[in-house]
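In this document, chain identifiers A, B, C and D correspond to the written order of the chains, with residue numbering beginning at 1 in each.
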Amino acid sequence: VQTARLETFSDGVFAIAATLLILEVRVPEEGSLTNGLLHLWPSYLAYGISFATIGIMWINHHALFAQIGRVDRTFLAINVLFLMVIAFIPFPTEVLARNLHGDARQAAIFYGLVNVLMAAMFSAVWFYAAVGRRLIAEDADPRVVSGISRSFAPGIPSYALATLSAYLSPWLAVALFGALAIFYALESTIFSRTGVPAPDAADPG
Amino acid sequence: VQTARLETFSDGVFAIAATLLILEVRVPEEGSLTNGLLHLWPSYLAYGISFATIGIMWINHHALFAQIGRVDRTFLAINVLFLMVIAFIPFPTEVLARNLHGDARQAAIFYGLVNVLMAAMFSAVWFYAAVGRRLIAEDADPRVVSGISRSFAPGIPSYALATLSAYLSPWLAVALFGALAIFYALESTIFSRTGVPAPDAADPG
Amino acid sequence: VQTARLETFSDGVFAIAATLLILEVRVPEEGSLTNGLLHLWPSYLAYGISFATIGIMWINHHALFAQIGRVDRTFLAINVLFLMVIAFIPFPTEVLARNLHGDARQAAIFYGLVNVLMAAMFSAVWFYAAVGRRLIAEDADPRVVSGISRSFAPGIPSYALATLSAYLSPWLAVALFGALAIFYALESTIFSRTGVPAPDAADPG
Amino acid sequence: VQTARLETFSDGVFAIAATLLILEVRVPEEGSLTNGLLHLWPSYLAYGISFATIGIMWINHHALFAQIGRVDRTFLAINVLFLMVIAFIPFPTEVLARNLHGDARQAAIFYGLVNVLMAAMFSAVWFYAAVGRRLIAEDADPRVVSGISRSFAPGIPSYALATLSAYLSPWLAVALFGALAIFYALESTIFSRTGVPAPDAADPG
C-alpha cells in the first residue's frame, strides 16, 4: 500500500518515456523511400538501445521495490528526481540519432553523461532506502538486500567508462551502451549474486 | 501478483502507442479546409488499421497472460523486446500515411515487415512460456494452452503474405492489413479452436 | 476482474488523449509575446472544451462499467472502436483551434461530426451490453440500467444539432459544444433521471 | 474503491504531463553540438522546475486523497478542471524555455499565472471535500484534516508573489519558482504542521 502509489506513477513515467522515443524517428522526406528508411539506421539503433535501457531500469526498479516496506517524503522526492532523468532520456536519444553521421563523439558523450546520471540517481534511490535498513520491509531477506547493494557497484563506473570510450571512438561508445543494456537484461547481475532466487523467479502463491 | 506488474507496464505501452498514432494526422495547411480534410483519408485509414491492430494485440496479450502463472528474467526481456515493436508501430503507420499517394509499394512493404516482426515477437512471448509449460499456471487447462499454441500458426504467414502482396498492388496489401485486423478482432481465431469457452466469455466469479 | 483490465486500458487512452491535447497549443514565434499569447485564445478554448469532453466521457464510461458484470469479445472490439474515436479527438481539436480565424464553419462541422461519432460509439458500447441484460451484472438495479438507457436518448441529437448550427454561425456551434460539456459535467443527466442515487454519490463500504 | 478510479485517471494525467515536458527540449540544428547543448540551459531549467512541480503536486494530491472517503459528481468535475491545468503546464514551460533570452519578463509572468491557477484549483479540490467534512473519510483524524486546510494558506500568495517579482526581474521570478518547488518537496509544509506523522511516513500495516 505504502509503495503501490509510487509504483503506479513510476510505471507511467517509464512506459511513457519508452513510448515517446518513437517520436525521434522521422519519416524521410525526399529521395527513394527505401533508401531513406535504410539511412535511418542510427535512429533505429538509438531507439533500440534507449528502449531496452528504460525497460531494464523498469524491471530493476520493480525488483528493488519488492524489498521496500514503507516510504517517506525524502524517498518520494529522490524518486521524482530519478524519474526526471528517466523522462529526459528521449532527448539525448534524439541527439545521438541526429548526430551519428556528424558530431558523433559529442553526441555519444552527452548520451553517456545522462546514463551516468541515471545510474547515480538509481543508486541514490536504493541506498537512501537500504542504509540502516531505513525503508526496507521487515521480512526482507538480509542476503538479498546486501546482494542488491553490492550489485550497484559496477553501474556508475561501467557507464562512465563507456562514455569516456567515445574519445577513442564514438562507435565503440555506442556499442558499449548497447552491450550494457543487453548485459543487464540477460545477466541480471543485480540479483544473481545473492545465492537466493531472484524475486521474479519465485513460485506464485 | 507475479504477472500483474508486467501487465501494468504493458498496458501503458499499448495505450500510449495507440494514442500517439493520432500525431501522424497533420492539420492541412493550405487550400479549402474541407478538401484538405478529405484528402487526408490515407492518414485516417492508417490510423484506423494500426489502432485496431494494437488494440487486438492488447486483447490477445491479456488473454495469454491469463494462462501464465509466473515470470522469469528471460520472459521479462522477451516482453520488453515485444513491446519495443509495439511502440515502434506509430512510425511505419506515418510512413504508410505519407506515401500512399507516392511510394505506396515501398511503404506497404515496410509496414508489413514491422507487422511480421510483431507477430514473430508475439509468438516468442507465448512459446517461451508455453514450451514444457515453463511458465504456465498450475491450474491452466491443457486444452486451452495447446489451442492457443495452434492458433499462432497462421499469424506470421498471414502477415508475410499480405506484405508480399504489395508487389502485386500496394492497395491489396493495405486491404489485407485491414482485413487481418478485422479478422482477428471478430473471429478471435486464437481462442475459438479449443472447444472451450474463450477466457473473456466466462462468467465472473 | 472481468472488466478491470478493459478499464485499465481505457483509463490509459482517456488520460493520454486528454493530455496530448496540449500539443496543439504552439508557442507564438513572432511579435510581442503577450500579444501572441492572447491571440492564442482559440487554442485555449478548443483545449478546454475537448479536455472537458474527454474527462466527462471518462467519468460516464466508469459509471456505465459499474453496471457491467462480464465482457465478451464483441464488447471488447466495440470498446476498441470507441477508444479509437476518443484517441482521435486531438486532431479535430487542432483543426478547430487553427481555423477559428479562417474556415471556422468547416472546422466546427468537422469537430461536431467527430463528436456525433463519439456519442454514437458510446451508445453502441452501452446498448450492446444492456440489450437483454447481455453483459449486465447480476446484482445491477434494473431501474439504474433502464435510467442509463433513457439518458442516452439526447446525446446524438444534441451533438448533431450543435454541428448543424455551424451553418448559422460557427461561433454558435462552438458555444454549444462548450455548453454540452458543461451540461453533462454538472447536470449528469445520464444518471439523475433514475430516481436512485448516482453510483458515485453512494457511501463507501 | 470510491476514490481509486479517480486516482488512476489522475496518476495518468500527472505522469503523462510530466513526461511530455521533454518534448519542449529541441535538438540544436546548427553550430557546434556541444555549444548548442550548453545553450539549451533555459530548456533544462524549465524542464526541471516543471517536472518537480508536477511531481510534488502528484505527491500532495495522493496525500489529500488519503483523507477522502467518497466522491460526488461535483468533486469529479472540479478534479477534471484541476487536471486540465496540470496537463496545460507543458505549454507555459515551453514558453518560458523559448523566451528566457528574449521576452523573459512576459514569459515568467505567464508561467507564474498558470501556477497561481494551479494552486487555486488545487485549493478548490481540497476545500470542496473538506468544508463540513463533505467527502472526508469517517475515520480521518480531524487534526490532520484541519492541518492540511491551514497548510493551503501560503500556496496562492507564494505563487502570486513569485509572479509579481518578474516585474523586478524575470530571473528572480524563475529562481522563486524553483525555490517553491524545492520548498514544497523537502519541507512538505502541507503535512508537517499537524503535530501528527505525515501519512507517508507511517508504518505499513
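FYI, contacts are C-beta pairs under 8 Å (C-beta built on N, C-alpha and C of every residue); 3 or more make two chains touch, one makes a residue touch a chain.
Keep in mind that this is a model prediction, so the values were computed, not measured.
Superposing the C-alpha atoms of chain B onto those of chain C requires a rotation of 90 degrees, given to the nearest 5. Distances between chain centres, each the mean of the C-alpha atoms, put B farthest from chain D. Between the CA-based centres of chain A and chain D the separation comes to 26 Å, rounded to the whole angstrom. Annotation for chain C: residues touching 2 or more other chains are 8, 12, 16, 20, 23.
Taken pairwise by the contact criterion, the protein chains form one closed cycle in which every chain touches exactly two others. This structure has the following touching chain pairs: A-B, A-D, B-C, C-D. Across the complex, chain B meets chain C through its residues 7-8, 11-12, 14-16, 18-23, 25, 27, 32-34, 37, 47-48, 51-52, 55-56, 58-59, 62, 185-186, 188, 191, 198, 200-204.
Note for the complex: chain D touches chain C at residues 1-2, 5, 8-9, 12-13, 16-17, 20, 23, 69-74, 76-77, 80-81, 83-84, 87-88, 90-91, 94-95, 98-99, 102-103, 106-107, 110, 137.
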